[in-house]
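Two complexes come next, and they have one chain in common, chain A, joined by chain B in the first and chain C in the second.
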Partner chain A sequence: MAIEQGKISNWQALLLVSNSILASMVLITPALLTKEAGQDAWLSVLIAGLLGYLIGLFVVSLGLRFPEKNLVEYSIDLLGPWFGRAVCIIFALFFLHVNAYLVRAFSVLLITETIPDTPFSVLNILLVILVAYGVYLGLEVFSRVNEIIFPLFMLAGLIIFALAAPEMDFEQLKPYLTHSFSGILWGSLILASFYAEGSFLLMLIPSLRNPKDARRIVLPVSLILLAVISIDVVGLISLFGAQETSRMLFPTFELAKTVSLGAFVERIESLVVGLWVSSVSLKIMAFYYVSVLILAEVFKLKDYRPLVLPYAFILVVLSVIGWEDTNHVRFYLSRYYPLVAVTVMTGTTLFLYIASSFRRNDKKGGETQ
Partner chain B sequence: MFLKVLLVLLLGAGVAYYEVPKLQQKRELMVFSCFLLIGLIMALALVLNIPLPNPTNAIEFIFGPLVRLLYPG
Partner chain C sequence: MSGQFMRPLKKPKKSAEIRKQRINARLEQIQPDTELLKQPISPVLDHNVELFKKMFAETSDFVVRQFHFGSNREIRVALIFIDGLVDRTSISESIFTPFMMKTLENGEQEIVPQNPYDLILNWLVTFYSVKEEVEIGKLLDLLLAGFAILFIDGAAKALAIEVKGWAMRSVEEPKAESFVRGPREGFTETLRVNTALIRRRIRTPKLRFDMLQIGSVTKTDVCVAYIDGLVNPATVKEVKQRLERIDTDSILESGYLEDFIRDNYRTPFALLDRTERPDKVAGCLVEGRVAIMVDNTPFVLIVPAVFSGFLQSPEDYYEAHDYIRPLRWVALFLTLTLPSFYVALTTFHQEMIPGSLALSMAVGRAGVPFPAVVEALLMEITFDLLREAGTRMPRSVGQAVGVVGALVLGQAAVAAGIVSPFMVIIVALTAIASFLIPNYSASIAIRYLRYPILLLAGSFGLLGVFWGLMLLLLHLASLRSFGVPYLYPISPAVPGEWQDVFYRAPWWAMDRRPRLFRSPNIIRQAPGQRPEPPENQSQAQRNSGAQEQDKQQHDQTGKGQG
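Moving on, here comes the complex of A and B:
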């Protein structure tokens, strides 16, 4: 029996997955990408878009083998009660760690850009309280909020890039293909790790109103992500140049600072901060929810809500102790995180996929399912 | 220091006071208390400046050889 009784429409799921991948990607990755691939970062974006589409198709086709069941239920069916639970706990702990870095990235942004004198643990605690409240209200509630926030986020981003466009110099994208191909590939691996976070959809497929149509959300999600991140990267490189972009902490935010229309539309970066805070808290809500739901299913609870508040303590502590300083966060994200996310997420998905294929062959002879 | 410890304990007590009456099964109570205990121990260790095992270091240790092998340059 599934814990979550709420249902979300496929459109809400589409927006939720897009937001959950995009919220941190759009602000963090351009600097890391241009460090690895310089002005050829757009090629990394294209390769990663293709990789992300494949990862998405793969994840959804695993989920569609068991459209009525969630990750925990079928991994227990496939791998047995102990090993199946162990795989699910890896998933939950991975999302716990992702949440910890997201909370940290949130406070890093606010401290470096807007409120430099606040201790970051205060911001971490405030954000986690907000997120825990959202998770407590349930999947339906934050998917509906996301349905409002995400289009606004996109619209604001589009307006800001349109206003910054006159300053851009597309000559900065030349010379083409001067960076080593391994650097470009590493750049696309960084992006692919963010795409791999989309595997949290595995827990949501049984909560969709039409689980059978889940495959249809993969292409729109990958196109939205590809469009946004390529506009972002190309715009940043042509505005600041690859060298300068790679030295910034949050280049997209710096871009918003440069916008001025006439003499009165200025300092719209606070708008970006506001929207980014809401969109990243929705991202953390989705991962928090998935992680808590997996833990509740693993321990056979009737509801996931008792675990929400204890989890908040762990999350705050991990976000504070996990990284020494901002540089460590950045170093972790550019070196370790891509491999961790890609191996853990696609590895476990692949493993379950192979196991389910074996199961299917077994079933063909005997009972039909 | 004392105030912070008191605050953490009060928060923990508040969470327990809010959640425990809703839990009927023994299993739910057990899992909830385990999680709350882990969370409180971690928070107290953080407040009292006791070094905690850092999961990021563990990940960097496990994936270190792979990163050194694959990272370009």
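Moving on, here comes the complex of A and C:
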């Protein structure tokens, strides 16, 4: 009874998950990490990488217990029609909220960096139009676009870091391990909360061409994320130093400002913003799609498309009224968001996992009797 | 869905049926009586002639020629044809001459009135292609296709003699796609000539030309061409289904069909490829695609089409593999975005322009009264006006338009201070880049998409440009042409086929057909045909066994000669 939807290849899923975690992580987290762990942020990154890998394995193994069904169907099977739906709605609302902060972060970035005179609600609406169009076209379409955009995004990032490399001073990473372990752990929790966003894959596992092989995308995704975020954090610390990085709003973006090639290519940050628009819009599309799909399944609609437009309105309003100003967004991200994300995402997944284990034991018991 | 209190969204079925009946009744008014058309002709000559005369009602090009022949002039026949569609010399040589002269001269030949039909068929009609027909409707179709119809008094069958012949253009070099290297033949307006042009290139009995007739009034011949065994049967079936669904009165050009059979009409992009070059059609057929040829137009449709195909020109495959493909991709990008990038940089992101350049730009723009967006729009629209005028004008006037455009609008606008010289450079570069796209339809689509992106650049800077490109990419990714994703093989990514997309690999490297057309026979040629330099000494020693054999053979032949 699942809603008719396109199929995506595992390669597309791999890129989609990577992009969906990375697009905001690469821009937002270095400042938060260096604030908590200073120049030892790389340790947080490593710990978070391990955590992320475990979260990924855990999410996929839950999904693979029901490879033919999506999240809504098996939560209803496991928890009953009411409670199962409630859990799914939590998922959908969480992604709505993630989207809201992403849209807001997007306009914050644009206003502070490139077009300061534009009201941010206009930018929010602009982004949401693009995203809603992508979601309307469907999973297959935006996965395919992501297949083009994500490699380009990675390539552009690498080039920018390579160009900035001459300015870097790796001495800034010293002294090692001077920060408290709790700070480092909190930092890795912040990062892990971004990894936990990857659990939107739960809803996509039945749309994979080979759901059985879903486990095989976890390791590549974790490695890509670990590599990118390590280069990001290490590069930033050695370029700006931990202190200065932690004070910046979007340090990765500041890095693009320092790039200079032959006195001709300079100040390419607007170009970076442009690229980031495509990347982050794909991220929002994925979450948007998942939450709309969950809602459609929960309310037994034949198609998710009627929900796209109302969701867009809610998203714009939430992104505008959700946070007072830029500082509020930043404070929220560093203090509350990790807890919310880890609790909701990992908590719900864990809950479903345990429930499914019980059910499985019940069945086994029944069979032996 | 429709609840008790909701007005039903669709009208009841009954009224839809009544409406359909009404439409059908109207359509039938322009048709001859369908019942009549299915009937056989009568043995009485006068009935048949009257029938056809009534159908054509005094039309000037409808000719009836009645005459008697036989030793006693007792056999009556009537010949009807459409003047202008038949070859006059063939008619007089193969019909009138034998009928009127032979029967007079051959006194010994018994003209038996009991069986004049066989006599005529076997002795008198000296033309190679003759059909026997009974049904009125079929005779009518043949008559309109250029056959001459011979009615014989007393026979319930008529003879249709294929004396087709009309004024037609000869095979010429195609105007819209011109090459440096490659065959110079182009399609003509006559379907049979066009099929022959393809058949000459592909000499296999598996090349099929399946005919259809579309258009209730025009009855246009449409031909679906494919190579059996290389094409996916499902594609052919789908093409035929879509063509058969068309119910319209006229098909005057393949563009009519294009609108009916494309997958998505809400897109500026061409979802079918079209060409007037037989070599391109032959190439596409061998790739496992299907061509749709329409009578009366040199333009042939090719399905399925992919976006990257619009950057491929058949000439790429004739010249040595080169850098033109990457250049075209750059040109595509420039056509789409160059004015927008200029506007975005000068309006919003001046910091990105290197200092000295920014300075000279500012000097150039000093007296210009408009913001950069307006300036760009002005120039782009002017250029499109000029180009459109130049394309449709008679050739002699077209040159004048070029002069007016270059001198008056370009130079004078700068001198008058309406636009900056930089803007003129940008517009000229964009225009030239747009000519690099080999496919005219694709070039038009890209040209028109420039405008929204330009407006976005003027409103939001680079953000707007990327926003627009992203929207465009999403749209492109959502398109399909006969089931094939439009962006294939870029996305879904098939890196193995990029050798024919971003550059053109040498022929020996492309040993597989593109997978997207789902050909059942994917292997194109034997692998490993890369030409190697002549073997050097050490390799020759390794292959000494083979060489010895050669030597022996050589010796033997030498002895034989001695």
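Basically, the second predicted complex is superposed on the first by the 363 of 369 C-alpha atoms of A that agree within 3 Å, B and C clash if a C-alpha of one lies under 4 Å from a C-alpha of the other, contacts with A are read in each partner's own complex, and residues count from 1 in each chain.
Rule of thumb we're sticking to: a contact is a pair of C-beta atoms (placed from the backbone, for glycine too) under 8 Å apart; a residue touches a chain by one contact, two chains touch by 3 or more.
Given the structure is predicted, the values throughout are model-derived calculations rather than measurements.
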When the two structures are overlaid on chain A, which partner does A:Phe142 contact: first (chain B), second (chain C), both, or neither?
second
For A:Ser180, select first, second, both or neither according to whether it touches chain B, chain C, the two together, or no partner.
first
Which holds for A:Ser270: it touches chain B only (first), chain C only (second), both, or neither?
second
Look at A:Thr29 in the shared chain and tell me whether it touches chain B only, chain C only, both, or neither; answer first, second, both or neither.
neither
Considering only touches as defined above, state whether A:Thr114 meets chain B (first), chain C (second), both or neither.
second
Can you list the residues of chain A that meet both chain B and chain C?
none
Within their complex, state which residues of chain B touch chain A.
11-12, 15, 18-19, 22-23, 25, 27-28, 31-32, 35-36, 38-40, 42-43, 45-46, 52, 54-56, 59-60, 63, 66-67, 70-73
Chain C partner contacts - residues on chain A that touch it in the complex
9, 11-12, 110, 114-115, 118, 123, 126-127, 130, 133-134, 137-138, 141-142, 144-145, 147-149, 263-264, 266-268, 270-271, 273-275, 277-278, 281
Going by the contact rule at the top, pick out the chain C residues touching chain A in the complex.
348-349, 351-352, 354, 460-463, 465-467, 469-471, 473-475, 477-478, 485, 487, 490-493
Looking at the complex, which residues from chain A come into contact with chain B?
36, 97, 100, 180, 182-183, 185-186, 295, 299-302, 305-307, 309-314, 316-318, 320-323, 328, 332, 335-336, 339-340, 343
